[in-house]
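Please find the structures below.
Two complexes, one shared chain (chain A), two partners (chain B, chain C).
Up next, the complex of A and B:
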């Protein structure tokens, strides 16, 4: 089978077709990753030559409360985002997984925030959540409650930004779960109905376990996505107040392109890469052990 | 029993309506208040028609933002950059997807694996060296740094099209081989025409991603007249943070092309996102 297909193209044809892909992979992915790795051991301001400082940047990070706060925020945001987007996404999928007239219209409405820009989303939510003049503050005031400073309070700001991100992205997780529902064997569910299972039992004992591979796929997508919060944070809080919404991706930008501490920013980016790498490795391991990939 | 069933359906419909409202309301609120005056937007009233709606000078804010604040220009910049980047991506990704799906060669598996692995790497990891490359190439303050990287490193698109080409039966390939067509002809005359829908989907999704990108425009474009609409909106936000009516007008203008595209192609966008993990 394979033999005759080997001959239909020249030996170098695949490589010819892949030139742009390989150039892109090398120039914009692999070489930058290794360069950033090297730069993380240096002190540099983009001009002149990098000065080698060994583990200096990492030591500095570990001794700084600012960095610890950033790590705390990064994980805080990720956990809120992962749980929020999966729970809401699953809820929406269960809700909308029904043959009804016009259901695809509602699916599109719920998906709408996913395709709009984080910047526009950040601006409009900034306004809705704004103190005194914001819609929510006005609504709460009308029933006699003083609204908290959603984005100005250090203990609330991160939760608020993460919630807005969940609001923006849940439609995406909804359609991922919906696709998983298609793969479910409905005869099993019918059998459970015949056996007299109520809808709660049906969902938690039958449907949800069969969603295993999908749930796992959605989890790995949401973990990777949970780090992608730069735009929304830039549009909503710029890392403030008092560093309370500063995450790793934002801190790389701050150190690299606001303070021009290239070496330090590179070491932060390596910490980020390490986290992503650990999660990806765990994913790969579990995928092999447990779930059959759906996609 | 049947009555129960209908009752359930009505409850479900009500919840769906509420959820849809939550998803859409901020955009409605954005649109409504883009027709407001600066005085009126801070009024204590909760609801109430915006001042300018259905008046003679209804589009005052829009005219101001497009003319005086140059949003027309920024929109053209975004169209140009996103269009070109997306065009590049469909060419490069469909070529690569075709190779990975149908050609056997040494190193194919490793290369594909490497490509998938780089998908996980956040842009913040590579952006510093990338910036240095762009600086050395003298590409700062041109559109090239926004177009070329997205042109060349669309691993997601490659993945999506490979999956699609995998499903195209080998008999089609064999027919081409028997006719003595070259690999290039087989790709161009057989596989490209077969994959109109996924290529269009990839184009739209890549277009949207480039449209919404902020980090690269922020780093690479310092000249005002080169700004993309997403970047311009953040600049506008930091300069006129209290002129909410104009800021919201700018927001509406910046997402209007995306919403139009979404209405036009929502089925493809949603299905494409599911199949590949890419989203707009």
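Up next, the complex of A and C:
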């Protein structure tokens, strides 16, 4: 008698389950990326047929002092953000990595800015940092110090916006570091205590090296996040003063959706994609070489 | 032969009857047909007023449904442009004077000549508004129907003027009169060395700068070359303004006011005078203390003014070139441009283009401030200029780019980031690099 086995899946069934992901990836990521790549070689204002201009958009960007300033701002913002968010995130994680009553409340409190709208954060910080009438200006004035123009001074504005972004996102990195702490084998730390290590030595000689994989993951995420700064810049400075906070992402928005220079905006987005790609590749390389678990 | 003739007549009559009944049938079907017109506009704060207009129009035209989509200007233009790229523009949509030239050149607006030339529109709407929108659209055809005019005005705080013992601004005010008043109104009330009340407030915004340029018969853009080549009168105006901050110390640098919404600085009594578009009447009514007494005046004429131009432009409606219902769309456009609405449907400060509304008692009879609403009517008849060009928002610094362009450069002067001369060189270089792309 022939045996009938119940087969609910065939050779192509896995593809069926992959369809939603593949469609999403194509529609929302790959097709736009390839379209933007094509458009970066054109002049187009959304109307009519894009006109092929070869490398014209890239040449225009390279000859523009405005673009060079934008690149400088983008990297300036990224460096401040990456260092700031990792240091503050790690510091908060160390502070909060304790078993005590009510600690969940503080964890939630620190995480709150992460889920708060960037525009709302920008507006509130604009008030706090406001010259003469802002909270910080008033506090400093009460001890006889004149507050600087946090957002009005070209040498300070980018640092200020990056700091606000660090304040907003540190809670996220804190959670990642917390997860890293909890994955560390506590017996190793106990052994270091038995060996007579003080808390400073314990952290820098034992805990931090064991956080290597987490630290590199946080670094990768923070590098990519550091390029996503549109909303806060829109809410706080709109690229000013004197172009000092205009970053690549903001410039893509301005050229694409304010000036309708779709071709030029696409070429800027390709430059951005290139930067993100290079940093991600470096990260993967470093991770493969050095960021292996120590246990 | 007779039989043939009778047969021919019967056949002719029958055909006539059939066609006649057919035409009648078609007309009836058309009348019964439900038509949906899409109407897009910015100023979401007008939502309730627009709904009132729609309700009234739909009750008067039972076969027409109006679908109104409203959004902020920052969302409106990208979305409208995307609809345009799909060849699927709304039947009727709001059109800004700043975008008119570019949209006409791209063939995105329906030609309104046959409607405007063949009905009473020219008698009903101020001719200079029709002419100015026609000029901005290239000068040969009508592509926009103006529904309102906006101008710029000097706003002044009457309480502060009274306390300082100053008489209110008049049409004869000179720039020196203005500066004297600004000095008298700049006060350190508590004697702590910090100014508590500024005589004047401005920053690099187009409304606050070009108003003075035109009041001195100046221009920023040379229309022959289509390049940024401000004449001496314009440079005098820019120098006079920036000196108010740097030399006369009667206005704060822009960076000092960064914590405030710029339009609220006058409304919140931080400055005694400011210049802004006439739409700011609405903002002042809604955001100032009800006890604050304030008024409007014309921009003081500059020392070189022979004409004394007004900075003013129209807000208009345009029609999709692909609409299936062009007659119905035109009828609706005329209705919302004034034919079917009253003064209560306008945002305060916008001057209706429809003569019957502006010249009605309702225009002056508002119980609310300012008392000088008649000034807007006088301005509507005056000579006007704008600096709109293709790429205007980019070189001027508008919307999301308001900290950049000429706006940012002027802020740079008053914030002490660059000297006036350095700024003028940078402005010329930056602005002309934009204009060269659009006007080769």
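Going forward, the second predicted complex is superposed on the first by the 283 of 295 C-alpha atoms of A that agree within 3 Å, B and C clash if a C-alpha of one lies under 4 Å from a C-alpha of the other, contacts with A are read in each partner's own complex, and residues count from 1 in each chain.
Operating definition for what follows: a contact is a pair of C-beta atoms (placed from the backbone, for glycine too) under 8 Å apart; a residue touches a chain by one contact, two chains touch by 3 or more.
It should be emphasised that the depicted structure is a prediction, and the values quoted were computed from it without experimental measurement.
S.K.: Is A:214 contacted by the first partner chain B, the second partner chain C, both or neither?
M.R.: The answer is neither, since A:214 touches no partner chain.
S.K.: Counting only touches as set out at the top, which of chain B and chain C does A:133 meet: first, second, both, neither?
M.R.: both
S.K.: Quick one: name whichever of chain B and chain C touches more residues of chain A.
M.R.: In the superposed model, B touches more residues of chain A.
S.K.: Could you tell me if A:273 is touching chain B, chain C, both of them or neither one (first, second, both, neither)?
M.R.: A:273: touches chain B, not chain C.
S.K.: Could you look at A:123 and tell me whether it touches chain B, chain C, both or neither (first, second, both, neither)?
M.R.: So A:123 only meets chain B here.
S.K.: For A:114, is the partner it touches chain B (first), chain C (second), both, or none of the two (neither)?
M.R.: Once the two structures are laid over each other on A, A:114 reaches chain B alone.
S.K.: Just to be sure I read the superposition right, which of the two partners does A:257 touch: chain B = first, chain C = second, or both, or neither?
M.R.: both
S.K.: Report for A:46: first if it touches chain B alone, second if chain C alone, otherwise both or neither.
M.R.: Both: A:46 reaches chain B and chain C.
S.K.: Is A:227 touching the first partner chain B, the second partner chain C, both, or neither of them?
M.R.: first
S.K.: Just to be sure I read the superposition right, which of the two partners does A:13 touch: chain B = first, chain C = second, or both, or neither?
M.R.: Only chain B is touched by A:13; chain C is not.
S.K.: Where on chain A do the contacts from chain B and from chain C line up?
M.R.: 46, 127, 133, 234, 253, 257
S.K.: Note which residues of chain A are touching chain C in the complex, please.
M.R.: For chain A paired with chain C, touching residues are 45-48, 66, 126-127, 129-134, 149, 151-154, 234, 237-243, 246, 253-254, 257-260.
S.K.: Quick one: which bits of chain A touch chain B in the complex? Just the residue numbers, please.
M.R.: Touching chain B from chain A are residues 2, 4-6, 8-11, 13-15, 17-18, 20-25, 27-33, 35-36, 39, 46, 92, 95-96, 98, 100, 103-104, 106-121, 123-125, 127-128, 133, 135, 138-139, 142, 167, 171-172, 175-176, 178-179, 221, 224, 227-228, 230-231, 234-235, 248-249, 252-253, 256-257, 262, 265-266, 269-270, 272-273, 276-277, 280, 295.
S.K.: Give every residue of chain C touching chain A within the complex, in rising order.
M.R.: Of all residues in chain C, those touching chain A are 78, 81-82, 84-85, 106, 108, 194, 253-256, 258-260, 391, 393-394, 399-404, 408, 411-412, 415, 417-418, 430.
S.K.: Which residues of chain B touch chain A in the complex?
M.R.: 9, 12-13, 15-17, 19-20, 22-24, 26-27, 29-30, 33, 41-42, 44, 46, 91-92, 95-96, 98-99, 102-105, 108, 111, 114-115, 117-118, 120-122, 124-133, 135, 149, 151-155, 158, 163, 170, 173, 177, 182-183, 186-187, 208, 211-212, 214-215, 219, 230, 233-234, 237, 244, 247-248, 251, 254-255, 258-259, 261-263, 266-267, 269-270, 273-277, 279-280
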